[in-house]
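The two complexes that follow have subunit A in common; it is paired with subunit B in the first and with subunit C in the second.
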Partner chain A sequence: MHMFFVLSRLAWRYLWRNHRRTVVMLSAIAVGTWAMIFMTALTRGMVDQMIVDGISVIPGHVQIHDPDYLDDPSVYNRVALSDTELTARFHDAGFVAWASRVRVPAVVTSERESRGVTLLGIDPQAERSFSFVDYDAVEGRFLDGADDKGVVLGAKLADTLETRVGKRVVLMSQDPDNEIADRGFRVVGLFHAEIEVTEESYAFIGKRTAQDMLRIGDTVTEVVFVGDDYRDVEPLVANVMGRVDDSVQVSRWTEVDTYLGTMMGMMDGFMLIWVIVIFLALSFGLVNTLVMAVFERIREIGLMLALGMKPASVLGQIIIESMMLLAVGLLIGDVLAWATIKPLEGGIDISVVAKGMEMFGASSMLYPNLSIDDVILANMVVMILGFLASLSPAWRASRYEPVEAITKV
Partner chain B sequence: MSAVRCINLCKTYRQGDQDIKALDHLSVEIEKGEFVCLMSPSGGGKTTLLNAIGGLDIPDSGEVWIADERIDQMSKGQLADLRLANIGFVFQAYNLIPVLTAQENVEFVMQVKGVPAGQRREKSFAILEEVGLKGLESRRPAEMSGGQQQRVAVARAIVSRPELVLADEPTANLDSKTSAELMELFTELNEHHNTTFVIATHDQRVQAYAKRLVRMLDGRIVDDIKQNAA
Partner chain C sequence: MNIVLRLAWRNLWRHSRRTWLTIGAMVFSNILLVFMISLQFGMYGLMIDNTLQVFSGHMQVQAPDYKDDQKMRQVVEDVQPLAARLRGELQSETIAARGWAFGLASSEERSYGIGIYGVEPVFEANVSNIPGLIGQGRYLEQNDAAEIVIGATLARNLRIRVGDELTLLGSGLDGSFAAAVLNVVGIFNSGIKEIDRNIAEMPLGMFQDMFFMDGAGHQVVILAPDLDQAEMLQARVEEIVSDNNELVVQGWDALQPGLKQAIQADMSSAFFMYGILVILVAFSVLNTQLMSVLERTHEFGIVMALGLKPGRLGRLVMLETAMMGLIGMLLGAMAGALFTTWFTVNGFSYPGMEEMVANFNLPGRVYPRATLLTMFAGPLVVFVFTLAAAAYPALRLQRLHPIEAMRTL
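Let's turn to the complex of A and B:
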């Protein structure tokens, strides 16, 4: 251990022997680290937002359906349990939130236009906490309850249909016997969503009104469950599975929307590649600094070897010097990243490019997400790769013959 | 008892197209407590011999013994341990580590050895006072004259009381007064602590302090005289 202190002191002093070079290298490491963490925070913020938005549309972290529903989402493939049975099983199960709902394809027709939509028959009170619709921001009003006879459309869909609050539209779908099931509804509200395509795709009616219209009694097509963390749904899955039998299929949100699931997995891989790419650019500077630092003190290295320092200690000294340089650079970069990301956590308005972002399901506000895991990843990658990069100059330094090194001009 | 024993040493360097015999079947034995001057014209082989004795250079053939250990077959790590434990070095130039102060330079070898901080500090202050550098402990080499630097190097070489001190042209960069002071210091250490000194030099003034003069030419010993030191 005493050698570690000897080498650390030498390494620290040698680091500051050439102030300018060290400051330049520290700046490069700090800016590189800042860039790694800042870009990672922006990207993670964007992807997290896309996932959270996506999950709110799914909605829920776990769903149950009839086993054939995901392939054929029609009213024919309903959950085998009645609404009454579902309430008995899940009411006191400790979920953050849960709701049963009817979700079927339908056509909505105004006096001017028709559009295909996803018709959602919901209990608005049960879904208030996780719905992608802000009930209070609805133009007009949102549904009052499961028996509400009105319909809430997306604002964009209303534009397309050339309808508005107070006018009537007709919703048409099929019942379980493949007979037309339709009914006229008054438009009671228009909702707004972060993403325009969401406003065009959904129509909300009361759950019992939907059950009556589709002639399905008190059955539903899906039940949605919300847990504590969308990244860790397994406890929720286990809880749900313990309360149902094989007649229904339990699906995680990653299975309901495979695009979103893939994005989350891809994100971590992207972070690692991004961090490594930046480090590779940095590593040229680091290796050059170390090579120069070794080259300009060959005689001193020879002297230390002559005085009885072992080659392994010379190797250790150069590596410690490199690690110190990286550690100080990382510290500055981490602080810089924190100081620049924190003020932006309230969101960055990217509406200038929001049209393009919608293609990816992202909203016009970007919320940087400074994740401690990403900071640790960036720091670890830099330290580990920095260690590897410093091995070559350190190894060369330790291989000098003392007598040759001392007489080196 | 022999402090150093070299048996039939050969060392050849290649310089351009020429082979230079730096040591040519050289044998010499130095007793513990001797004060030996190696003398030769430039290229005579004295530095090569000194390096071979210190384990800094490995001869092409022959044997080098320090006390009862044969060192010419040791690994780099073993040689480093040997130098650390038994040998003090004073080189002609580039003797100090520039990023350390005078006191830290003196402490360096003790620190590598693992001597506790308190002991190191006490010894380093004492030895710096002994070599006339009291008050300059916190100066870095760049802030000291050549003579002062050389005295720091001597202090470092002797602070751990090694059995053997090897000095290569230790007075080359010193004025005559400082040279004399340095040699007085060597003589005192030799007499009081029975430290063996082997000094390679051209300097006639240094020779006067030696109890044994070994003259070399073309890698061979041509004269080996015991004398009364000054």
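Let's turn to the complex of A and C:
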């Protein structure tokens, strides 16, 4: 242990003997570390936001459907269990939230225009906590209950239809016998959403009103469940599976929206590749610095070896030197990253490319997410790979023949 | 060989390991830059082509507000004669007229709201790839036949096959009820979910009859031979239609604002990464050249005492750096080209890529586009930054005092 302290002190002093070189190398490591963490925080912030937004539209972390529904989302493929039966099975199952809903394609027609929409028959109270619509921010009012006779449209859709709160529209879909099912609704509210497509695609009506209109009695097309954490839905899946039989299909959100699911999986891979690429670009400089540091003190190393210092100690000393360099550089980089990300946490406005971000499924505000796991990963990767990179110069230094080294000019 | 060149060359190889490590850093970054930039531009090209060739074309002649609202009444009067006139004046066959409406498509069993294009059967294939993607049956042939082609998913969801009848309901230009029974003659499979699920095409003549269009349509689509010529062509089209202020010409970036912005967003994050790589290389070079100057202080002192101007010494250091940078650039560009060429032949893919890029109309395997520009843009920037990094050590020489310099060991 004593040896370690001596070597550390020696290493620290050697490091500052040529302070210019050390400062340049530290800057490189700090910039590299900053870039690793900054870029990752931005990307993770974007992906997290995409997933949160995406899940809120799906919605829920787990859903159950009729096995054919995801491929053919029609009123024909309803959940085999009645709404009463579902309530009996799920009301005390300990979900954070759950709701049964009617979701079918429909056509909405105003006196001027028609558009295709996804019609959602919901129980507004059950969905309040996880709906992508902020009930209080709705222009007009949101639905009162499952029996509400009004419809809530997206603001953008209302624009296209040239309708507004208080006007009437006709919703048209089909019942299970392929008879046209239509009904007039008064527009009671208009909702706003982060992503324009969402505002164009959904129309909300009361669940029982929807069941009436579609003549489907007490049945629904999907049940959605919210658990504790969207990253780990398995406990939720198990809980749901335990309460239903094979007549329905239980899907995770990653299966309902494969794009988002893949996105989440790719995020960690992307992060690791980015960290490694940056490290590799750094490693050339690191090895170079060490090679130089060894080269300019060959005589000293020879002398130390001649005086009886063990080669292992020389090896250790060079490696400690390298580790110190990395640690200080990492520290500066970490602090730098923290200092640049903190002020941005209120969100970065990137609405100039809002339409483009929509193609990615992302909104026009970017909230960087400085995750402690990412910071640890970046630091660990740099330390471990840095250790490996410094092995070769350190090994060479410890293998010098003392006599030859001393006489070297 | 010039004496200064020779001197610089020899100095470079005094520490060959150090020089190679620095060149290594350049080559590593250059390979990445060449590959990434080629891949990026390959993807952008594909994204643009794939997206524009589905429906939008490189430009469209429309009514002024049509782009933002897409409403039935924002028509182009006498759309077919207009398209014919444009074909004549531009000597081009890749021009076609279209109408667009929204309607409810019903089969025996199901009904779905869909978007319907009225197209000119003869010319549509010149501006869109949908006619070429007919999987079953055939494409439309006659301008006023009661026929329709629909997407594969829609066909499956409607439980409909080639030869079956389909009922189409909608509202006409004057707001009246529009209906027609059409023969499904073909089913297309574009691979793009939204389109296969939501789109149908019928002959423009029939479309105009059904929706009471009175010869009007909504767009004249023009496809340029390639993207580079689109702007020039657009200027000509604008000139031709300038006599009618009921018409405007919308370029592809206005028709697909998301596309251009997605590319911009992707580019800015990519350039951030490239920038970091280049800066790290610059640090590496700075360190190397600083070392090489510092260790020669004694030597520089002597030659200065002998009468050499510090300016020449500075140029010597810059020359050394330039040589090193040149080697790095050439090796990097070559290795990068080889690496990239392998992928231009075999394509580039990673697990999960298909889901990731489907939003951008990209296939699961992309081929980088290697051009002289993508080959040398990155390495050239690295080279410039290499020279800039050497400026500090070179400038330090200007302040060197011969006597003091000679005293240092």
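Criterion: the second predicted complex is superposed on the first by the 407 of 409 C-alpha atoms of A that agree within 3 Å, B and C clash if a C-alpha of one lies under 4 Å from a C-alpha of the other, contacts with A are read in each partner's own complex, and residues count from 1 in each chain.
Throughout what follows, a contact is a pair of C-beta atoms (placed from the backbone, for glycine too) under 8 Å apart; a residue touches a chain by one contact, two chains touch by 3 or more.
Because the structure is predicted, anything quoted here is derived from the model rather than measured.
Engineer: Would you sort A:2 into first (subunit B), second (subunit C), both or neither based on which partner it touches?
Structural biologist: In the superposed model, A:2 contacts subunit B only, not subunit C.
Engineer: Just subunit B (first), just subunit C (second), both, or neither: which does A:235 touch?
Structural biologist: neither
Engineer: Kindly classify A:13 by the partners it touches after superposition: subunit B alone (first), subunit C alone (second), both, or neither?
Structural biologist: A:13 contacts subunit B only, not subunit C.
Engineer: Regarding the shared-chain residue A:258, is it in contact with subunit B (first), subunit C (second), both, or neither?
Structural biologist: second
Engineer: Just to be sure I read the superposition right, which of the two partners does A:184 touch: subunit B = first, subunit C = second, or both, or neither?
Structural biologist: After superposition on chain A, A:184 lies in contact with neither partner.
Engineer: For A:67, is the partner it touches subunit B (first), subunit C (second), both, or none of the two (neither)?
Structural biologist: neither
Engineer: Which partner does A:306 contact after superposing on A: first (subunit B), second (subunit C), both, neither?
Structural biologist: A:306: touches subunit B, not subunit C.
Engineer: Identify which of subunit B and subunit C touches the larger number of residues of subunit A.
Structural biologist: Looking at subunit A, the partner in contact with more of its residues is C.
Engineer: Spell out the part of subunit B that touches subunit A in their complex, as residue ranges.
Structural biologist: Touching subunit A: residues 51, 54, 56-57, 76-77, 80-85, 87, 89, 91, 94-100, 108-109, 111-114, 156 of subunit B.
Engineer: What residues on subunit A touch subunit B, complex-wise?
Structural biologist: Interface residues on subunit A, with respect to subunit B: 2-3, 6, 10, 13-14, 17, 299-300, 303-313, 401-403, 406.
Engineer: Please name which positions on subunit C make contact with subunit A in the complex.
Structural biologist: Subunit C reaches subunit A through residues 15, 17-18, 21-22, 24-25, 28-29, 32, 69-72, 102-104, 106-115, 156-157, 170-171, 175, 198, 257-266, 269, 272-273, 276-277, 279-281, 283-284, 286-288, 290-291, 294-295, 352, 355-356, 358-360.
Engineer: For subunit A, which residues count as touching subunit C in their complex?
Structural biologist: 18, 20-21, 24-25, 27-28, 31-32, 35, 39, 42-43, 71-72, 74, 76, 105-107, 109, 111-117, 159-160, 172-174, 178, 180, 258-259, 261-263, 265-266, 274, 277-278, 280-282, 284-285, 287-289, 291-292, 295-296, 350, 352-361
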